[in-house]
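Before anything else, here is the set of structures, which you'll find just below.
In the two assemblies presented below, chain A is common to both, partnered first by chain B and then by chain C.
And then the complex of A and B:
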């Protein structure tokens, strides 16, 4: 029997664990990966002040802090199911079954696949996979690759791969089809890139070439769809080309790249072969929320948050007694926002455990999350605040329906 | 040819360099202790981890963090283990699974069972 169990040891889970432990609450953290950090591990970018955000260092610091506070960790342990029974949460893993009063789901996000012909060949991987291989496992995903899918995440990871000595032939689009939809439409992609340009994300424009400065976004805007593409850290970004096929006998040997028109349709006869030994697919992130679903938590589709998210309030409570959520399971945002949410979730669980006098601290923590969100250098969705409001409105609606049904 | 990033301009040098031996499909390889099995194999130039149970097409790791199950292999006799989540140990024995025999539908195969 445990007081608090946290599933996921990423920025949200680790921060929540530290917060609980600091308030004298016993915590167990479960994660299926080998080490703590989650998606934070792979992160590596330059801050606006010129210092480097090193995800491995951040993870290690948080992990060691948690260990020193007596938090217990179970790594390499996948959770298969959770259920509520006699006022407790039962957590079923591959190894043991755990029982707890408070349960935090900090399971993070998963990458959306973008099916491209040939994508099952060995050597094709999600862009996050290449990031983990390079920065965490320290093995090159290949010598030369192409990234299919142009978005904030893929642009940052392209820079990280180049930093490690991996050549990126180009970032480009998938051929438009029923499934790739927006990701294959140059107008939509350009739109989404211009949405982030007002934040002038410095990791985009600072690193590498001094010539770039803000020119990258300017060029995009001024030369609407430049035919040769634009370069970022010397990596060509092609919005006028798309991969029609990944080819190779037993492994990736190259991609077929074709010119596309402004609507994303292939110009016939424009196909060329680009030899590469790996391909990254960047379809963006969505909240990884299966455990909230099996628990019976209500869900809402909020596009601005990246997909279906479990209903929750600003205190990170779900409508299910003792079940909490924090981090990307609540919507796709950066690690710093996830950590801020983790603090709030940790405080909320400590409060429910009977620790007195936390109300003001919880309110401060909610405000801090907003501040962190507003000052984030990179936002995955430009309308994130709209999404946050939507889910809170759903929470209010849900609570008032519940009150009405009690009255009857 | 080395695929390892032994030195990195920001992350620095790899500190733990304890090489261990393991076997994959009956061949002996070396890898770093506690790195993922998928990483150890990739560092040895191996991308194909299994062949699809039905089509027999080659497959490698895809998501690298345990979500997609594309990298499943057998490890020390246990089937369906995700290579991307498995820390490499001395003497580990890994094998890829291959195409499975399926009874055809005309013979009243799986659908009628």
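And then the complex of A and C:
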């Protein structure tokens, strides 16, 4: 029997573990990976102020802090089910079954697939897999690759791959179909890039984004988008080209790249072959909420947060007694926001464990999460605030129906 | 390989064409699409193709339920041996 169990040792889970332990609460952390850090491990980028954010260093610091505070870790341990029984949460893993009063789901996000003909060939991987291979395992995914899918995450990882000496032939779009939809529409992709364009090192993109504030200019921007693409960190970003096929006998040998019009339709006869030895698929992230679903937690679909999100309030409580969420399971945002949410979740669990006098600290931590969100240089979704409001409204609506049903 | 032939559900080897044809014919929910084609019913538990099956269904049916996940999650959510699954229950 445990007081608190945290599933996931990424920025949210680690921070929550440290917060609980600092408040004198016993904590066990379970993670399916072999080391702590989660998605922090892959991160290596330059901050707007010129300093470098090294995810591995950040996670080691947090992990050592947790160990020194007496937090227990179980790595290589996948949780396959959770259920509520007699007021306790039961956590099933392949090795052991755990029991706890407070359970935090900090399981993060998963990558959305983007289907491309030939994508089952060896050498095709998600962009996150290429990031982990390069930054964590220190193995090159290949010598020269193409990234299919243009978004914030793929642009950052392209730069990381380049730093590691891996050549990226280009970032380009997937061919439009009923699954890729927005990701294959140059206008929609340009739209989603405009809000992060202040981060672009190229003066062309920076200057260009100011001209593209209205839709007419956006269309013009896509129509006149340079045929050779715009370079970011010397990597061509192609919004007017799409991969129609990945080819190769037993493994990736190259991709067929075609010119597309402003609506995303392939211009026939424009196909060219680009030889590469690996391909990254970048479909973006969605909240990984499987455990909340098997527990029976109510959900709501919020596009701005990346998909179906378990209902929760600002204290990171779910409608299920003793079940908490923090990090990307609540919506796709950066590691710093995830960590801030982890602090709140840790404090909420300590409060429920009977630690007195935490109310002000909890309120401060909620404000801190908002501040962290507002000062983040990159938003994965431009309307993240709208998404956060939607989920809070749904929480309120759920609570009031529950109150009514108790009254009658 | 043509676009129609590309595999969406790797475990059950369901192609894009099979899913598109079923979605166009029945204009059904993601769950019905899964049951008709077996996409998402393989040993990975739909971890790879779930979002794609969702998107194809949403494009044809247009009645997405926002309050609960469209394709149910079933434990065990990670592969586990029968021996370990039965132990201690």
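The criterion applied here is as follows: the second predicted complex is superposed on the first by the 381 of 408 C-alpha atoms of A that agree within 3 Å, B and C clash if a C-alpha of one lies under 4 Å from a C-alpha of the other, contacts with A are read in each partner's own complex, and residues count from 1 in each chain.
FYI, a residue touches a chain if its C-beta (ideal position, glycine included) is under 8 Å from a C-beta of that chain, and two chains touch if they have at least 3 such contacts.
Everything numeric in this text was worked out from a predicted model, so none of it was measured.
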item: Chain B versus chain C as contact partner of A:129, first or second or both or neither; value: first
item: Partner chain in contact with A:163 - chain B first, chain C second, else both or neither; value: first
item: Partner chain(s) touched by A:286 [first = chain B, second = chain C, both, neither]; value: second
item: First, second, both or neither for A:138, with chain B first and chain C second; value: first
item: Chain B versus chain C as contact partner of A:120, first or second or both or neither; value: both
item: Chain B versus chain C as contact partner of A:32, first or second or both or neither; value: both
item: First, second, both or neither for A:299, with chain B first and chain C second; value: second
item: Chain B versus chain C as contact partner of A:78, first or second or both or neither; value: both
item: Contacts of A:97 with chain B and chain C, given as first, second, both or neither; value: second
item: Overlap of the chain B and chain C footprints on chain A, listed as residue numbers; value: 32, 78, 110, 120
item: Residue numbers on chain A that touch chain C, as the complex places them; value: 32, 78-81, 92, 94-95, 97, 110, 112-113, 115-120, 175, 177-179, 181, 244-245, 283, 286, 289-291, 293-294, 298-301, 307-308
item: Chain B - residues contacting chain A, complex; value: 3-6, 8-11, 14, 34-36, 38-39, 42-43, 47-49, 52, 57-68, 84-87
item: Complex contacts: residues of chain C adjacent to chain A; value: 1-3, 5-8, 10, 16, 20, 47-49, 51-52, 55-56, 59, 64-69, 72-78, 80-81, 84, 88
item: Residues on chain A engaged by chain B in the complex (per definition of touch); value: 32-34, 39, 44, 52, 54, 56, 76, 78, 110-111, 120-126, 128-130, 132-135, 137-141, 163-165, 250-251, 288
